[in-house]
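Each of the next two complexes has chain A plus one more chain, namely chain B in the first and chain C in the second.
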Partner chain A sequence: MANRLVGRAVPRKEGGDKVTGKARYIDDLTFPGMLYGATVRSPCARGRIKGIHFEGGIPWDGFTIVTATDIPGKNCIVLLSDDHPGLAQRVVNHPEEPIVLLAHPDKYLLEEARRSVRLEIESLPAVFTIEESLARKEIIWGRDNIFKSIRVEKGNVDEAWAQADFIVEGEYRTGAQEQLYIEPNGMIAVANPQEGVTVWGSMQCPYYVHKALVCLFGLPESKVRVIQVETGGGFGGKEEYPSMIAGHAALLAWKSGKPVKLIYDRAEDMAATTKRHPSRTRHRTAVSKEGKLLAMEIEFVIDGGAYMTLSPVVLSRGTIHAAGPYHCPNIRIQSRAVATNAPPHGAFRGFGAPQSTFALERHLNKVARVVGLSPEELRRRNFIREGQSTATGQVIREKVDMAGLMERAFELSRYYAKTQRFAEENRGRRDKKGIGFACFLHGAGFTGSGEKYLASVVGVEATPAGRARILAASTEIGQGANTILCQIAAEALGLEYDQIEMASPDTGVVPNSGPTVASRTCMIIGKLVESACLAVKQTLVGSGLLKPDYSPEEFFRACAAYTQKCGPLKAFSQYQPPPEIHWDEEKYRGDAYSAYAWAVYVAEVTVDSLTYEVHVDDFVAVQEVGKVINPVLGGGQIEGGVAQAIGYALFENVVWQEGRMVNSQMTNYIIPTAADVPRIRTYFDEVPYAHGPAGAKGLGELPMDGTAPAIVNAIEDALGIGLDQIPVLPEHLVELLEVSRV
Partner chain B sequence: MCDERHKVNVTCRVNGREYTLCVFPLMRLLDVLREELRLTGTKEGCGEGECGACSVLIDGELVNSCLVPALQVNGAEITTIEGIADGDRLHTVQEAFIEAGGAQCGICTPGMILAAVSLLGRMPEPSEEDMRAGLAGNLCRCTGYMKIFEAVARVCQKTGTKVNA
Partner chain C sequence: MRSCLPDYELVAPANLREALALMAGEPGAWKPFAGGTDLMVLLEAGKLPHKRFLSLWHLRELKGIEVSPTAVTLGALTTYTEVLRHPVLQQEFPCLCQGARETGGVATQNRGTLGGNIANASPAADSPPALLVYDAELELVSATGSRWVPYRGFHSSYKQMDLRPNELIARIRLPRVGRPRRHYYRKVGTRKAQAISKVVFAGVAEVEGGVVRDVRIALGSVAPTVLRCAKTEAVLRGHPTVESTVAAAQAALAGEIAPIDDFRSTAKYRRRVSLNLLAVFLQSCLGTVEQGPGPEPWYGA
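Right, the complex of A and B next:
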């Protein structure tokens, strides 16, 4: 009965509701007597709050007004640390920092009122760049502006320089990027001292929100309930910030005694919520004349914004991915997440890896040029193989064939023929064509001991009607979690896909399965679903009500008989790390991830040498992600990630002014449209992973990592100039080409 | 009939039903649909005419309902996502979106489906370039558009027409 459902393109569970407009997102819900909420935010980057004035012309008596002094518990949105206030009280540390909350039944009047709150703030000197922060121009966080430092040491880098035939250096930068889910953030809260706090909303991680509310209100865990409703995209952007919005909606509800809906408009969402961390990476590489990597010294810095939020974890993933899918005996990586007076940067698909992967895959092209090898030959001589170790000393035990993936990608994109043809044809033409590629990996699940500490739990319940219900806090945010988890359960139980249902992610109903992030849902949660299903099956078989090879009908009957006799049948399964996984958090050594996805992407571009516009003409994405549970959803993840990363490489430019995003509109922050994406051709190589459900690993973040460097390498091929920064905008190309002509 | 101050009567047909509404003349059609008629299938992604999540058909034309004042639809025929299926029977475009994986998070989907319906109405056999141009006003952050093109192509196969590559 192997793989009846796994590997099949069954339709998405909630697809019918989504195509008919029946799916209910947070802004589609209304509660009787509901008020609307609004947030008054800091106009300046850093300063002391001297006064809050409610100006004339507004009937303030009719408003619910909340400031920091109204917070019943601790004034912080707790995550990794407690430095992040729910509402600023004495000082502000970034533009758009929330200070006052308002609620009123009339949302038009509310908007007028929001603009009539005058904040008196005495401004303080602020820090806006990585350089200013590292130079400690001002100390704005802790003792040294550093949220986290990491050092990775492998072999002996210092001794390697002497043996090098070449030493190649480079510096690379990546900009901020807005997640730009099409559904802006929003929450509805009902809260009062008797019943506690209940929140509905758009989110990825119900238990993160739960934890933050427990702290903000000083309530016992049982008095806080968080329910995810249909969520219109997340990409990491709804990982941590929803806790803030939920807190605000709940504070207004608590004070007013009425349900409060707090929905961000697009400009507020873009300006105030998290974005991808900007980064700076410096490489110094020792290489032999045969093109063997002898030593890599990497300095990786990310801008975390004003509060810690998730920066240490983003830094960790970026650091571990910084040396890529290559074997090098001597590696030193020093990395830091630093504070600036910008809104905190946060989770975004890839989570630090796109930044450090961009740097490495650009840098290796430079190394190849210096050594006199083609970019592919240099990589071929250094790809990591089974039995070799990564930067953290993790010995790769899976089958890995980067060279094979690369050849496949080259064949599909006709790479060799095109490099040659473009070089010949580009001369004298206005349209310059180029082809480039990137090789990369992405670890699935939380880094290091993260999964062990999370100790996620998943339940499966056999209902009296003979259906199986998955109890997990994993959220469906478009990626297909509901569908693949049901496929995995149906496979494990020998039932049909339609006989499996998902319980709504409601902290009152489902156990804590951890957050829906880090490409972990399929591999980690899927595995727990699989084992909980097996436990249900075992219980039924063990009770004598079911024989080992049963039909779905027999399963129904057994469920009905069991529940009648013994009550509800639920099995829970808790995460256990696979054997042989060891991680030393102090030294940053060991098995950073239990499994990796491996990939080679090839991009073909045209650069118009008059307008400097870049168009991606073709894109080939080859990857090994273990068994693909659902090829349509899996393909959709890759294509969507590639498109998002095309934006990262070519269009998406956050314009900063004193820590504030000034282009916070869809008219001036540009994401790819249907006219901008090429045909994205996706291929999966499937090597079943022993510890994944039905052999699956993770894939959601992978496409974000390698797309931008592949594109920029293709631009280099077209124009013959090296670029060390994204996004690559036409104005950057003009400047660079002018310089290179002088 | 409409005696609230500053409000006016607007009469229009929505999904085949006639409504007479008493609304502020400048109220956005998007809000009229979502708040007055509780047709929440039409979504708001930007409120400034950029994303297309609020797309509806007015007299057969695809428009961004966030940019249309209520007054302007007096006498018009409006189709929203709720009016696309025939009772319980899905429209072929809706079916194709399910089969091809054209909807992920689903927030762009109502607008995207109306854009696809409008495109196929104008051009029964769109090429991939036609699709790119025809759907460029509707942003999707999830799919990378590939499976949306595939859904449109499937409709053509089902209805016997062919997509020119």
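Right, the complex of A and C next:
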């Protein structure tokens, strides 16, 4: 059956409001009698709080002041564990840790007041690097500084070394990265013991915020309500930290009895909230002289910052992606997430996979060189195929053709011709050109049994105004979720796109469809939308009010008739894992993801040998993501992700001083501009996935994984030197190249 | 906004005379506010200690570009946009136009002024190295009169300059040379646009028969002030641009600049790139440069 709406570039649901300025973001909202909130933060990385002094000529009587002792429930922002305090009470474990909250009607005076709180902190020795943490220079978390360890074993690695013709080792590092959503974080709260707590704000995951507030206030679930307002980007940066800000706004509202607005400016947002985990990956690879991978031993370590937050799950995804889209009979992956005295690192598009993918795709170029094969030939000989198994022993049942994707990417980028031409031309030219690529995969949805435990629920209802409405806590954060979910619903119900609307993500109204993360919204939530739509249809057909072949008008007439007869027409659908999916969390064996997106990216670069700057001249992104629901939004996800990953590879350098980001300004933290990004050529190969809506899988995070290694492989092609760390800054290249030039 | 806005005062005198009278009455009390593109960043960050400002933006006496047979004179409030669109400047002072084009984004170019850029005294400023190689002179005015000073030497040390508390920069004069010269300008920023410089290089030379008749070189971001490199110029003047001269000039430049490590770049990088840019400038003087001397503005494919 031909799709009417799926696969078409219908306009965004909220697009008109955004471009005309009608959309209201959190800082656009005001409530009568509202106060402004501010956060007083730790100046040092680790220490004991000895005193809090309210100084200066500030009329402190007019301020609402909240410290840890004002918290009515448990002093923690609960997520995976309860180690993360809402407000530090006796000790601080990272710079910028919140200690005191202030609220006042005058936001200028509030700022003066914030500067006039003097924190007396006796500093303690701190840990700032992965090495210091692993060496237990100080124990700063738990018994051993380790948030989580994972071990993956496949085959027998120890016996493989003896059969190897080559053993290749390498160490690779990636830096922190700031999400830099265009809208900084912000919340407004109304809270009192009678009505409970209600917050409005910029967020990805209303039910995460809900859970955190229930714990922080010790309230029943029904007394907490969380409403997402228009949100200007997230990229993972609004997955877990908004729970903290919502908690703070609500504590100030609870104590003052007035609505409180708490908005971070860019500097506070960059310095205090989460970033991508820095990583270190060590590879030891056994290869035959034919270029077959015999064994892979991988040690993957990520820096989690001071509290656990999401580090175990970031580690999990990074671990599972560490062996890439290749088949190798013997694999051992040992990975750890360690504590340092930096603000907690957190979710960011890719979620561990960009780190371990960078290491692998750099390492395989090294392996190819050692074996004497081209980078593409080495990969071609090891690509995973249907019926083969991944590192966790997951047998690939989908159709997968990595070699085909690679050939298509090479044709589109004229890879072979350019490899040859650049090598010749570089000899006689000052600036050097290079071309490189990376092959990778990205699992859609939560890892392992995650989706089973989330057990997401989505509803579809008929509205009195003659529309169908989707009830889900999944958030529109600029990625186009509302649009594609409405396309899927319209397709499933046989209605027009304009006849579908999204309920506002309000925990008082919508069921828990889980967080808007992990490339899961299209594949998981979209499927639930599709199922709920089919249930509505069946209800109407089954009750005899609708014949199977109906027009939209007949559909809504039937809805009205049903509502009159039986009450509101609503159907809910809850996630059920596909029957063949099994996961053993204990042994880390089994089906890590129900579906993967597959991709090959090719980057072409020029290295300016006067200034050591790298420019990406061309970029080809070829991927198989199942059915593409909306080609403009899908293409936008890829282009945006590639641009963000160009930043990760070449520009974005968080400068740390004693655990604090010192370049927390957009003039100093450099993201690429349009002038730094080439035209990104995006191609989709569509192989419908049986358990996705209309055959779709996930694609949001994918472009973040393979872009950086493709670029760094291109730099290697241009210069003939291997680089094992990102970001690759001109200041690093000058060190490597200086010797060869005057 | 991290500043307490009610603490700040901004007055807008009707004309230049009133502005100068205000400054004469309380020397140092009123800080000039031209385009505000640097001051507003500090205000937003809560790092603007001075509280009283004198808006100059509307003062017509400080605007306009005048061309005479011997000089081009720019009002201190000339914006980057006005600079980069001016045909005589494009023809005879291309380094200045390129510096203006590479300063900030369009909004900053429409609002930022040359006089403000000079008074802000950043060693990383994009246009001042061009002003230095073109032997710019500044007119400084006060309630009691005016004086012309060479721009070279105006900045004495980091953020220090030869500007009295009652004085304003009124005009910038660029002498016209009337002989063909080679111009080279390159800004190396942290990215291709909207960046603060890591190294700025400006060079102008008169070359005759392979010999450097005259040369002027200035750099930004490699010393506490923007720097005219007299010693390097002396090594080159009267010499053919052969390899040994290039090496000697690089050695002189290495001794003349004093770059530092900061969170934008490293001393080593700044030094190496400065020497590379000097070499390519000298190659361009001989017409032996392999590739175009400066980056063309890049607008995407």
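Keep in mind that, in the parts below, the second predicted complex is superposed on the first by the 732 of 742 C-alpha atoms of A that agree within 3 Å, B and C clash if a C-alpha of one lies under 4 Å from a C-alpha of the other, contacts with A are read in each partner's own complex, and residues count from 1 in each chain.
Going forward, a residue touches a chain if its C-beta (ideal position, glycine included) is under 8 Å from a C-beta of that chain, and two chains touch if they have at least 3 such contacts.
Everything quoted here is computed from the prediction, not taken from an experiment.
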item: Chain B versus chain C as contact partner of A:Glu195, first or second or both or neither; value: neither
item: Touching partner for A:Pro11 - first (chain B), second (chain C), both, neither; value: first
item: First, second, both or neither for A:Glu55, with chain B first and chain C second; value: neither
item: First (chain B), second (chain C), both or neither touched by A:Asp28; value: first
item: Chain A residues touched by each partner, larger count belonging to chain B or chain C; value: B
item: Contacts of A:Leu109 with chain B and chain C, given as first, second, both or neither; value: second
item: First (chain B), second (chain C), both or neither touched by A:Arg429; value: second
item: Touched partner set for A:Glu386, first chain B, second chain C, both or neither; value: neither
item: Touched partner set for A:Gly636, first chain B, second chain C, both or neither; value: first
item: Overlap of the chain B and chain C footprints on chain A, listed as residue numbers; value: 265, 665, 667, 673-675, 677, 679
item: Chain B residues touching chain A - in the complex, by the definition given at the top; value: 34, 39-48, 50-51, 53, 80-82, 84-85, 90, 94, 97-101, 103-110, 113, 128, 131-133, 135-149
item: Residues of chain C touching chain A in the complex; value: 1-7, 41, 44-46, 186, 188, 190-196, 198-199, 247, 250, 263-266, 268-269, 272-273, 276-277, 279-280, 290-291, 298-301
item: In the complex with chain C, residue positions of chain A that touch it; value: 107-109, 111-112, 115, 265, 267, 429-431, 609-613, 615, 651, 655, 662-663, 665, 667-668, 670, 672-679, 730-731, 734-735, 738, 741-742
item: Residue ranges of chain A in contact with chain B within the complex; value: 9, 11-12, 14-25, 27-28, 179-184, 230-235, 265-266, 477-480, 632-633, 635-636, 638-644, 665-667, 671, 673-675, 677, 679-680
